[in-house]
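Right, I'll just put the structure down here and ask away after.
Chain IDs A, B, C, D and E follow the sequence of writing; residue 1 opens each chain.
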Amino acid sequence: MALNQNPYMPEMATVTRIIEETPNIKSFQVVFNDKEKMKAFKFQPGQVGQLSVFGVGESTFVINTPPTRMEYLQFSVMKAGEVTSALHNLYEGDQIGVRAPLGNYFPFDRMKGKNILFVGGGIGMAPLRTLILYMLDNREDYKDITIIYGARTPPDLCYKEDIKEWESRKDVNLILTVDAQFPGWEKRVGFVPTVLKEVAPKPDNTVAITCGPPIMIKFVLEGLAELKFPDDQIVTTLEKRMKCGIGLCGRCNIGHKYVCKDGPVFTLRELKELPDEA
Amino acid sequence: MADTGFLPKEKLKDFLEALSKDAVVYAPALEGDIVLFKEYSQGKDLYLDRPANLGPKSIIYPQCETLLSFDFKKNDPEDPKKVDIELKTESNFANTVVFGCRPCDAKGLVIYDKVFIDTDTADPYYKERRDKTTIISFACEAPFAGCFCTAVGGGPADTTGSDVLMTDVGDGFFFEALTEKGKAVLKSVPMQDGASYKEKAQKIKSEAEKKIRNPFPKDATEKLSQKLFDSDEFWEKVVSKCISCGACTYLCPTCYCFNITDEKTKDKGERIRTWDACMFNHFTLETSGHNPRPSKLKRFRNRVGHKFLYYPEKYNGVIACCGCGRCIRYCPASVDISEIVGYLKDPKQK
Amino acid sequence: MSDVGTKELRIVGFLCNWCSYGGADTAGVGRFKQPTDLRIIRVPCSGRVDPLFVVRALLTGADGVLVSGCHPRDCHYSEGNYYARRRLEMLRRLLQFMGIDEKRFHYTWVSASEGQKWQQVVTDFTKQVHELGPLHDKKEKAD
Amino acid sequence: MRVGVFICHCGSNIAGTVDVARVAAEARKIPGVAFATNYMYTCSEPGQDEIKAAIKRENLDRIVVAACSPRMHENTFRKTIQKAGLNKYFLEMANIREHIAWIGNDKELNTEKAIDAVSMAIAKVMQNKPLHATSFKINKRVLVIGGGVAGMQAALDCADGGLDVVLVEKSPAVGGIMARLDKTFPTIDCSICILGPKMVDVGQHEKIKLFAYSEIEEIKGYIGNYQIKIRKKATYVDWEKCTGCGLCMEKCPSKNSYDYFNFGVAPTKAINIPFPQAIPKKAKIDPNYCRQFLKGKCGVCAKICPTGAINYEMKDEIVTEEVGAIVVATGYGLLDQNILTEYGGTRYPDVISGIQYERLLNASGPTSGHIERPSDHTEPKTIVFVSCAGSRDKSIGVPYCSGFCCMYIAKQAILTKDHIPDSQSYVFYMDIRSPGKGYDEFTRRAQEEYGAQYIRGRVSKIYPKGKKMIVRGADTLLGTQVEIEADLVVLATAAIAAEGAAEMAEKLHISYDTFGFYVESHPKLRPVETNTSGVFLAGACQGPKDIPSSVGQGSAAAAKVLSLFSRDMLESDPAIAQVNTNACVGCLKCLKTCPFQAIVEDTLRSGKKVAKVIETVCAGCGVCTSTCPCGAIQLQHFTDNQLLSEVSAICQM
Amino acid sequence: MSTEKLKEIILKVLPDVDTVIGWQEGFDKIHITPFFMKSPEDAEKAVWNSLCVQNLAAYLPSLKKKTAVIVKGCDSRTIVQYMQEGLIDRSNVVIIGIPCTGVVSVKKVLKAVDYQPIEDVKFSDEKIIIKTSKGEKTLAIADVCPDKCKTCQYPTPIVYDHLAGDPIESTKPAESVYEDIKEFEKKSLEERRDYFKNEFDKCIRCYACRNACPMCVCQDSCIAETRDPHWITQKLSSEEKMMFHMIHAVHLAGRCVECGECERVCPMDIPVAKLKKKINSEMKELFDYVPGVNPEDKPPMYTFNVEEAKIKEHKL
């Protein structure tokens, strides 16, 4: 499954398309230069990849296209540090390195036959997108799908094309929200945790998957607890400073778990067993 | 018979020179007042009186190594926008013998092995060097300041990780091969049969073991107190004096945390791996400024946790500490990890 | 070939924008010929020159480093060169101590009108560095 | 990243000694460079159009122009790329003309050097970040320093343009040197008669706030927002009450006070109004001569003053004014005659300076316009004028020409003849400098109509002989030695920088030349601007000037201020220091070294103490950046990483 | 000075402060370790003897609460320098000074006893008696003291609120302070360059010297580890090691209080303090400035004179 025998060796890939999702988030569609490897590449929703801008460094991003759609791998990058800034300086046709797949993935098998609640904020929608698309591609395996997605302002919402499609589907309940009133915005206004409580989904036979900024996650988890979601039906993904991506370098551990290898996907129950070092 | 051997002291240099023919030999040497592993060459002084300040870990797991190098190539003169990147790795590690490290140093390598080799993503750089290296350890006759090897399941003549164990039996050295590699080494050099020294060596070794201090119960199954481990107050008490430097981790034969950084010039560069230390603030610092382990208390707790809780949890109860005592000996503030673990194992201690 | 020696050496110059960079411009306008070894980095003020830039340059390949700013009292930022003077004097003495000939490092003041002085400074400093020869063994590659 | 590189031929200026095509080809090889070309005149309109077109066509995001000095054309190209949609800070220039092509003959070496210069610029531009100016409000008040004719002109023009003006004059009355002149050349009209109305206007203009007998204590701030501390020196007379009646001056028993206004031609009273037309017309006590101060008793003026304005306890007072621009019109000074030892220094009372002679000629002067010898008050018949008394003399540090002496000597020779028809004037000159409208004709009139004898040559010695002064000099035209027995000798002492000019420049953060005259932004094209934006120059503080030039500059400076103030907001240069609060440890060493007090202590929400830059105060010198040990405060556009990238572009072993 | 007197002061001060930083016995008899005392019981364990080498003042800037700290004369210069630079709030610090005639270099003692594990240590009259398995060895403290003690100018703390003992005067001539620097400068340029290359090549970049340095205010923000700014790579070449030590030296210009901690803590025995001491000698020469002596002084690198009496323009 690994692209390379040497786990540090990236696979060279070409950026085929760059989408400006928001003023500071770009999505990169990437195809391995080696067509055979592209064809043979296998991964699971929720797994991540390390993108290399050579000379600058590597950084971890979730593969936000599902394994059911393999024309390219998509990564969404918010401009923050050195590597993300360098990625933002790329053009279509530029070469990057990819180490993937890394880490664990969403327990989508165990979610079969259940209602699914996605709660996402900002760039946190990236890991959810891969699972949403995967589930939509296997729609019959899952029951109700509810997506609560919020951002600071409407222009800060990612995946506008997907949103359009999800809105038009009857089998998806999409709830969008922004933090404050915005000219032309007619949908909900309010922070994601507040909207979650307003929507008040039932915990029965439902798995909640949440991802977003730390402060949002904190209050979403509180909200889910209020709504009586049990800890093992809450799934989240963690983000940490990572270097090796293979559980060696020692910086992303929380207790004995390495986020890069044993994560990034954890149930709330698993997290509660670990030291408070998120 | 190549399983044991004996060399009179004056023949030791001949032995090393013989080894040097087929391999690069690293042996401890005096550099000013400190002891370092240096490439052995003819006539060079050997220094075996005390453990090296920095063990042999840097030979097998160098402090800085190139993971890969890259060249930016503009192959199409018509299209300066198109830049191809060629990646290269190099491996030219020669057969190596580490001579005269201590049993604790060798044990440290076994702790690395589990991380770097016994995994589905084995580290090829480490593995190559490990495979090509033979370890000849030198049993300790007496403990050195801060040592506590027996408490973590080792001993002054522990054989874990060594290919050959060497014991000073007074007029010479007694060698025992412990692995096939070890046998091969002993075979390659003419040596007296050592069988007659076996008993004497054994006695020296068990005498030595008795001299090692035991800061906490040796029984590895004895759990650390989770309550104390989780208590900030406890950590504040024991590590307020820590200055957050990396001396303990860099000198530690079992610490392996690393950093990966890219460096480039105009049209080429390399990705390098360098030792890093979990005691540094920046180790876990994220771009946003958020740090999951923001204080030295949290970082120290993670270091102790890693060695005495997390690693054992992952690897069948094996403690990721070899008790060499370097972190205690060279700590600028004389922080004593064995004392801390002692508290954690027996919170009733005052 | 450099005017003063056989092979060109690497000399890095940090020039303040308002005086010395202008002085070098003036020298250019006046067609005052100079040796070619010098590579100029423009900084707003000699006070911007962290002594560590000099160290970095000398450690990574420069054979000489020249810093030039406005004359004392004439700093565009009124005080920058006073700080530069203290820092660079300290550095000069430190370099000599650690075994890098202080003659490889020179700091001076050249105003925007002193084209001829600039020519003199470049010529003399280049000559001085050439007399010392290369600082690094260029064959020995840094790892 | 897509860098575009443009190598300019500058005709043959660069291409003559640099292989520009090769430089472009080498640049093209560098990863990140998407486009590189060479062009005949990059700064020309088609050249700039080519850059804009390439930015669009090649999708370039950063530009390097290798051409002349950035001091020449950086702004040009910044505007160019801005027009093409790039942030203007995505430009770097490599100076391959002044620093390479023009100073080396070896094409091969020049080309190598140019390649390095371009590589450095490319390395730096890749580190550049887009910077955005922030706007701030302008305080539309102007400070004029100096109430001479230039300063008054600037003040009046600004005030008439609707601006509030703060005019600070260090002496007790405005008028400057011109107020002391008798007549002006070449028209011979009465100086005070033409200046007087201007002085009255200044005194009465509702938009002008006049601080006479005041000095600038401190200047803080930046263009658009200056805070000025003004020291109102103690006059010991409450000017609110003083009516300028002059009774005090009349009755004052201290008759031997030095008369600054009259350059010591005759003494004055310890309490005085400097001259009849003085604006403001207020009395002031000179405590160096006043008996009340020297002996602790007298009090005559206090007793006599009808309004009770005298206050011996008065102290200097500091007032603060806020303005948005500053016009510096601090004028000039005159060489101390004592330096001219070969002329006797000031030992001979009948060897006087031109300005002193001016006071002798003046009807409101100490002699009421009668020319008399200071020694015996007799009328002189033979008068010798010595030009270049100090000027054009390297040995005393005045290598330059004072500019106006030739003209005023001619004037004084003419006036002398008017006053004393049977007098004979001699003028020793080196060259006659008379390049102005009607000027040369004027000097000829002095010779031809008024019989002044012009002798080309230097005076080597002046010494007394009986009641006469012997002036010995060479006549270089005749090649002989001349000796003239003079009754009075007038020296055209050199014009030098005003007293305290350097200290004032330091307060203003402007530069001054070796002689203490202030340096303009550009000698041809920006003659009244300084390198410190918001500070303008007028008059002789920039160099010796005659009245029309001074007045012209006063108006020019006013025009600059008015055009600056035609906007409500100014844009600040974004190339200033910025603090990374994550890295800042709050040691505040930067605060200690900032020359502009632009850094203050700040506390973050987390309670962390950090440094904070006041954007509008920061001038962008970068002293803080090289002070900060942790690299937390970075001068934008000259960050550590930007400069390090340049270093590594050329220093890779 | 008696430990008893010190304990008395600690007990007196304790109620007013959060912590008293002192020393206690370490993992063996030769090692003393810093001790953060919170209670009277803690105070009982406090120790003072010639093995109390650590400069405890270095902890002060990182502590928020009111703290008392025990300082030797040399350590007190740290506090004075903190005051010059505004790095501590003096009213939040209680200084317990100890007059000190010299401490012991553990490295030198260990060397003297062939690095044998130490079983016991006793003091007697300017001497230290070391017991190892090979017997007892008596060493004169003067022979095994750190180099800084040999030229100590400040045996009594410069600032203190309480003094545990009577003030003592320095017996060392002031000119002796920089003798070692002058001596070293007799070496040729090349010898000096080789010397530093060899020494710094031993560096493992553990940053113990930096972290132990009381004047390294950056600590977690140190540019030795950042990429913005990217002054230095993580490579282990001689150039990078040299660069790191130059960064340390240059940043300490006019600030190094010569406590010697950098050198003491170096696990590789590198003479880390040498460059800094050289700069100090120049600060004395150029600006007549000695760091950490007068709280009113301004560190010379953060100020200037328009006319510098001792800096002459260099001719080419």
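What we mean here is this: contacts are C-beta pairs under 8 Å (C-beta built on N, C-alpha and C of every residue); 3 or more make two chains touch, one makes a residue touch a chain.
Remember, predicted model here, so these are calculated numbers, not experimental data.
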| note | Any chain touching subunit B and subunit C at once appears in the list D, E
| message | With a step meaning a move to a chain it touches, how many steps does the shortest path from subunit A to subunit D take? | response | 1
| remark: If chain centres are mean C-alpha positions, then the most distant from subunit D is chain B
| said: Using CA atoms only, can you tell me which chain is the most central one in this structure? | reply: C
| Whole-Å gap between the CA centroids of subunit A and subunit E | 51
| said: I'd like the Å distance between the centres of subunit C and subunit D, where a centre is the mean of that chain's Cα atoms. | reply: 31
| Could you say which residues in subunit C touch two or more other chains, in rising order? | 51, 56, 60, 73, 79, 83, 87, 142
| said: Can you pull out the residues of subunit A that are in contact with at least two other chains? | reply: 82, 91
| Sites on subunit B at which at least two other chains make contact | 72, 81, 83, 259, 261, 263, 285
| Complex interface listing, subunit C residues touching subunit D | 1-3, 8, 10, 12, 17-18, 21-22, 24-25, 27-29, 31-36, 39-45, 47-51, 53, 56-57, 60-62, 70, 73-74, 76-80, 83, 87, 113, 119, 136, 138, 140-142
| task | Spell out the residues on subunit B that touch subunit E in their complex, using ranges where they run on. | result | 31-34, 36, 49-50, 53-54, 63-64, 142-146, 237, 240-241, 243-247, 249-251, 259, 261, 263, 272, 274-275, 277, 280-282, 285, 328, 330, 332-336, 338-339
| note | Counting only contacts in the complex, subunit D reaches subunit A at residues 1-2, 59, 61
| query | For the complex, which residues does subunit E have touching subunit D? | reply | 85-87, 217-223, 226, 228-231, 251, 298, 301-303
| message | Looking at the complex, which residues from subunit D come into contact with subunit B? | response | 2, 28-36, 58, 119, 123, 582, 648-649, 652
